[in-house]
């Protein structure tokens, strides 16, 4: 089982990358949230496996933390939010899906070329996955730019966090515990605040479209 | 900081610092008694004047003493305040003390109740202004120079904004502050070059540096730009005719009389003292700029209709003449002709101090007229000599001195300047020999034109019939105002009649800057002012005045004795036209009309001529500054266009902002990877 | 080291207490008391550090050295004066009906928590915790900015959260890379993110990883510092929130971000040996100064204008630290201090002025001196100070920055002078009509608290003319510690 | 300050006082003859002065003391000017007190005072005259200064006595710059002494009068003094002309006896000059007031070109 660990980690890494691409090409919000949850599951699996392979208990703790937060609580809250705000229609994008895919591939290539010299130096068993993590971060960054609705933008932000946590766990076998807790706490509070904001934006503009958030500018 | 020894053997510098601190204390006392107008006017200002007189005395004794240096604990840790009192700064302290004594006493009588800013606040700004001016001439390193230089601009800005209810005054204040700051940035750049990468910003170190001709020229041009902005040299003069009339009169007197000189002090300090390399075309540049400014200033002052703007443009003219003198001195110095350079420099210094006195006198008189009649424009004044003799006669002396007429200081300065322009045949290079006589011709023309302006100024205000019947109630100047004006008049007269003694005071300065002086040759000839040699040229103002007075007295008595002195008052000759009104006299525009016609290309005129069908025909001519449309407005439009383009950066769409962040990340990563 | 406990404890406790009683009328005074307590504790802490030198406390999780101790004191001091200023300000806001009791409670508790996060950010030794503190600071200020619940403040808060969230995420990635570099050198068991241990071993850190890490950290924390082109959130956030929040945001939060960048620059300089970090910072700094200067002339809203002025000054500070060397670092630290003091003083006076005029549009604020001379003169002197007029400290630090720039980076001097000139022209042309002239404004119901304004300006004046020796000692120690002399 | 010096100074003063009205009378006579009118007597100016001195002075109601003081100042200046210019001998103790530039300053002082006095009365004519006088003045004064500079460039000194001495005993070399300066000087003296091309001394026509407008309000002794001053000014100008362009025959300090010879030579030269002036007046017509600036502008340029020619040829 230990021998298989590096390949398994790479498998999970590619799975996360695949899910990021899926999120970019997704049109409906509900499936978008489900893919985000699946990405969380992959992340949890990777950290449990790594914890088992390197006998580090705090990886289990961080995996559990991610499981509770990113797989159970946040998707549940987003689903409840969508039902309350009856946001059903599909995701509007600023540029059409094929071009986003092309740009996505370009980003992945850039991320890999960037991370190649670094990953060779890392002697943890999943060194290679740094490139993939950086790719996930850039992809979710691009997703936030191209989405014109509040909910997809929030999901983009959260999937960026996923990418970062994945980088932390694989490249350096997890951050010190205190830092893990801090990050998790920040993400949780962040999501709560975003939820509150969405209610207020909805109540103020009776739509979640970012276009009416453009009044503050230079004439 | 040397220990506080017994006051007996304090240096002059310490006493000057005592005077500066005293001024600051008076300023604070003014703030304490913010609204108590009587206490501020009759106690604080006169005490300030006494300290000015003390400063003058100190400067007199310091001119002949050696240079004194002091280091104050204030300032940056690595760069404490260095101060130095050498003969150059002593001369300027003399100028500051003399003029501010007169102006402070005048200001004591100048305030009236319930006018704009509370008098206490004005007292604070005034005395901070005086203190910073005195410190500028003492500064001996770049940091303290910049600090006191901008404090001077800062405090005079608040003086200009004294009655800020009027929108034009706010606009003038803004323009003044902006040009002053841009000038200061230029000066800072110049000091940056002068320290030549040694990192030590004291003037002593700057003197030791030998810059290459290129960097030396860049430093000099920056200095002329920076200090020229403050002095009102041609391209950067637009603020002066706006700011000086806006300030209350005693302070515009001080600004015109003293602050413009401090700007020229800067050029002297950098051009002659700090920069060791000297290149001939620097002098030519200064002369060209000076003369262009002078001609521009005098032509514009002739066509003004508002008395304080007229004096402001006349200040520009005099600054131009002084700059031309300094330029000539630099030209001679660069060719090693020290004696002639000393002559030109003495001429410039003489013009500086006489202009300080007579221009302050004229501004004080406009202040008195303004207070008596409440009227600024020349068109509504006239015949005030009957109601305000105590203001009219001193102003006459100021007018004669400003026009450069013989018995007074203005003429001596002009005489010396023309003499220095005559001895140019020794200069190598045919081009220079050609250039300088033409410059001499322009100086003569400018002096004559200033005579024209002054006749217009005095004639339209004080002589003739009052153009407005409310002028009859114009009350004469108060006691303090008279004392202030008398002090300034004595200054003008002494400068006019005793040039030898004044040149003896200027001599240490020229020895310091160009290592030559006139004192030796002048002292030999007793009453005669002989700059170079007896049969070369000589002028004795006292004998001259005695001659005119003697003939005046003799004819007066002879006519009385031989014939009689009967006189009868009759209505003036009306050429058969009974309805002679005061409006038939020349108005201010009328008197300036010939100049407007001759120097047409100088102005940007828009004239409103009444047509035949006007119900009430009116004639209006508006003369304004062409540079405003060629230089200032294009710069403002350029800045607006650039900021419109930059404004596009902030369009409000969050996706675009995210794009900025994303693109920056990618770009920086690529840059770093390479 | 109980002084540090108090410094962190007071705001945390204050946040919790005010969460319960924030809506009471006396809550304003409680807020001041807590801030005062923090400030006193900070003074004790500084005293302690002066005598005993740098300290690592509580299992090396907290580290106090000359660099961050004077920033802690500055933050506590400005926090206290802002609390004093917010007492009358908030009472007037309540009268205008913009602040309901629940919102007051949110405001007070978030205010204290915000100062806690800043002080935590300064004192912690762990780079990860610095990141957590920055994220927490963003969260608390998002709530403070959106406290008025108007559409504009909502938009500003949303943009602020999204942009800063993305920015800080990149900083997290940089921290992870740093951790990876440390892991390689110290071995997996005792690899830590403690700055002191990283600082000791920074020579052996792998250059390629550290370069990548510094880029991510610089862009991440640079977004929080408001460097152009990452600055877009700053004018909206600073302009829409209540004025005490703008004062604290402009004055203090930018310093925390700059402090984080400085910590990373020290490590990068040690690891790389090449001036890459300094050059990047200089590039961003110069871009910020020039672009922000041209933004100023088109502003209509007074708080937006001063937030652009904050961008310009932070650009100048970044440029100074980018140049490196003892003189430039000294100037940068001095400029940080004086900018915080003067900018918060300006926001205090602007706060009162906007309340008088009922609007933030500058064309409707006229003749402050006539209505209330202290507010008018306070604003005038504050603006003169921020524009770099000499008696004030801003001129001293700008003077040092400019002359070092002329000596070491002559190519940058013309840009700096152009930017300073344009900024001077634009700000003065907007402020003069506001301060002078006739007015239609009416006096305020509650007398404005102007003690903080003149306290700040006097401090700035003192720093301009005479820097006391022990403060100078601080700066020189911190400057030499920052090192990074350009080759 | 030798006794002889004082004597020659007093002699110069007396001759100036006496000869000035005579010169004016002489020019008027010749002008009338050339226009084939019957001319008034040679001594007519003296009789007019005597008549005016006897009359009672009528002063305008609002005229200030400046108005009454101005004639004396102007007369004093003109007398001092003619005392400074070396007419009979160059041994003049007063001359070191004022050189060429001071002389021009003296004329300017007189002009300013007379203009102010004209404005003091406050009628339309006064200010009109003052404006025109200053217009002529501000162009003529620099031109005169440049003419004097040409001479001082040659003789390397601005003191008038030194100029005359050096020019007188130089061998008869032709100075081109002096030729240009001479033409410029004649144009300037025509303008300054308000002769025909620029201003008509006899007329009171508002359109053309400059000098007359200034002294319109004066009467009796003040008018007499001003008339005398005007003739003194003409005398002074002609003496400057003679000094610069025909310096021979002036007694030198070393040769006191030549003093007696100098007087007749001076009278002869002045007579010839007077005839020339009368000739110019009859031949030229009066110019429009706004052609005067061009006229004086050309004079000024000629003088400056004279200066440049001097520098170019390096003469002297």
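Just so it is clear, A, B, C and D label the chains in written order, and each chain counts residues from 1 on its own.
Here is the rule we use: a contact is a pair of C-beta atoms (placed from the backbone, for glycine too) under 8 Å apart; a residue touches a chain by one contact, two chains touch by 3 or more.
Fair warning: this is a prediction, and the values are worked out from it, not measured in the lab.
**Q** Quick one: point me to the chain whose Cα centre is farthest from that of chain B.
**A** Centroid comparison gives A as the farthest chain from chain B.
**Q** Mean of the CA atoms for each chain, then the mean for all of them together: which chain is nearest?
**A** Looking at where each chain's C-alpha mean falls, the closest to the middle is B.
**Q** Please state which pair of chains has more C-beta contact pairs than any other pair.
**A** B-D
**Q** How big is the gap, in whole Å, between where the Cα atoms of chain C centre and where those of chain D centre?
**A** About 79 Å, centre to centre.
**Q** Please work out the Cα centroid separation of chain B and chain D, and write it as a whole number of Å.
**A** 36
**Q** If you average the Cα atoms of chain A and of chain D to get two centres, how far apart are those centres in Å?
**A** 103
**Q** Averaged over CA atoms, how far is the centre of chain A from the centre of chain B? Could you give it in whole Å?
**A** 70
**Q** Which chain D residues reach two or more other chains?
**A** none
**Q** I need the residues of chain A touching at least two other chains; which ones are they?
**A** 114, 141, 144, 153, 213-216, 218-219, in rising order.
**Q** Check each residue of chain C and list the ones that touch at least two other chains.
**A** 158-159, 162, 166, 170, 212, 235, 295, 298
**Q** When you draw the chains as points and link the ones that touch, which shape shows up: line, ring, star, complete, or other?
**A** Looks like something else, not a line, ring, star or complete graph.
**Q** Per the touch rule above, enumerate the chain pairs that touch, sorted by label.
**A** Here the touching pairs of chains are A-B, A-C, B-C, B-D.
**Q** Show me the residue ranges of chain A that touch chain C in the complex, using the header's touch definition.
**A** Going through chain A, the ones touching chain C are 114, 117-118, 121-124, 130, 134, 137, 141, 144, 150, 153, 157, 160-161, 164, 167-168, 171-173, 175-176, 178-179, 182-183, 185-186, 189-190, 193-194, 197, 200-201, 204-205, 213-216, 218-219.
**Q** Help me check something: in the complex, which residues belonging to chain A touch chain B?
**A** Counting only chain A, the residues touching chain B are 94, 110, 114, 141-142, 144-146, 148, 153, 210-211, 213-219.
**Q** For chain B, which residues count as touching chain C in their complex?
**A** Where chain B meets chain C, its residues are 73-78, 142-143, 146-151, 154, 161, 164-165, 167, 170, 173-174, 177-178, 181-182, 185, 188-189, 191-193, 195, 197, 199, 201, 639-640, 642-644, 646-647, 649-650, 654, 656-658, 660-661, 663-665, 668-669, 672.
**Q** For a test of understanding, state which residues of chain B touch chain D in their complex under the given definition.
**A** 382-383, 385-386, 396, 400, 403-407, 411, 414-415, 418-419, 422, 425, 430, 433-434, 437-438, 440-441, 444-445, 447-449, 451-452, 454-456, 458-460, 463-465, 528, 534-540, 543-544, 547-552, 555-556, 559, 562-564, 566-575, 580, 582, 584-586, 590-591, 593-594, 597-598
**Q** So in the complex, which bits of chain B are touching chain A?
**A** The contact residues of chain B facing chain A are 647-655, 658-659, 662, 666, 669, 673.
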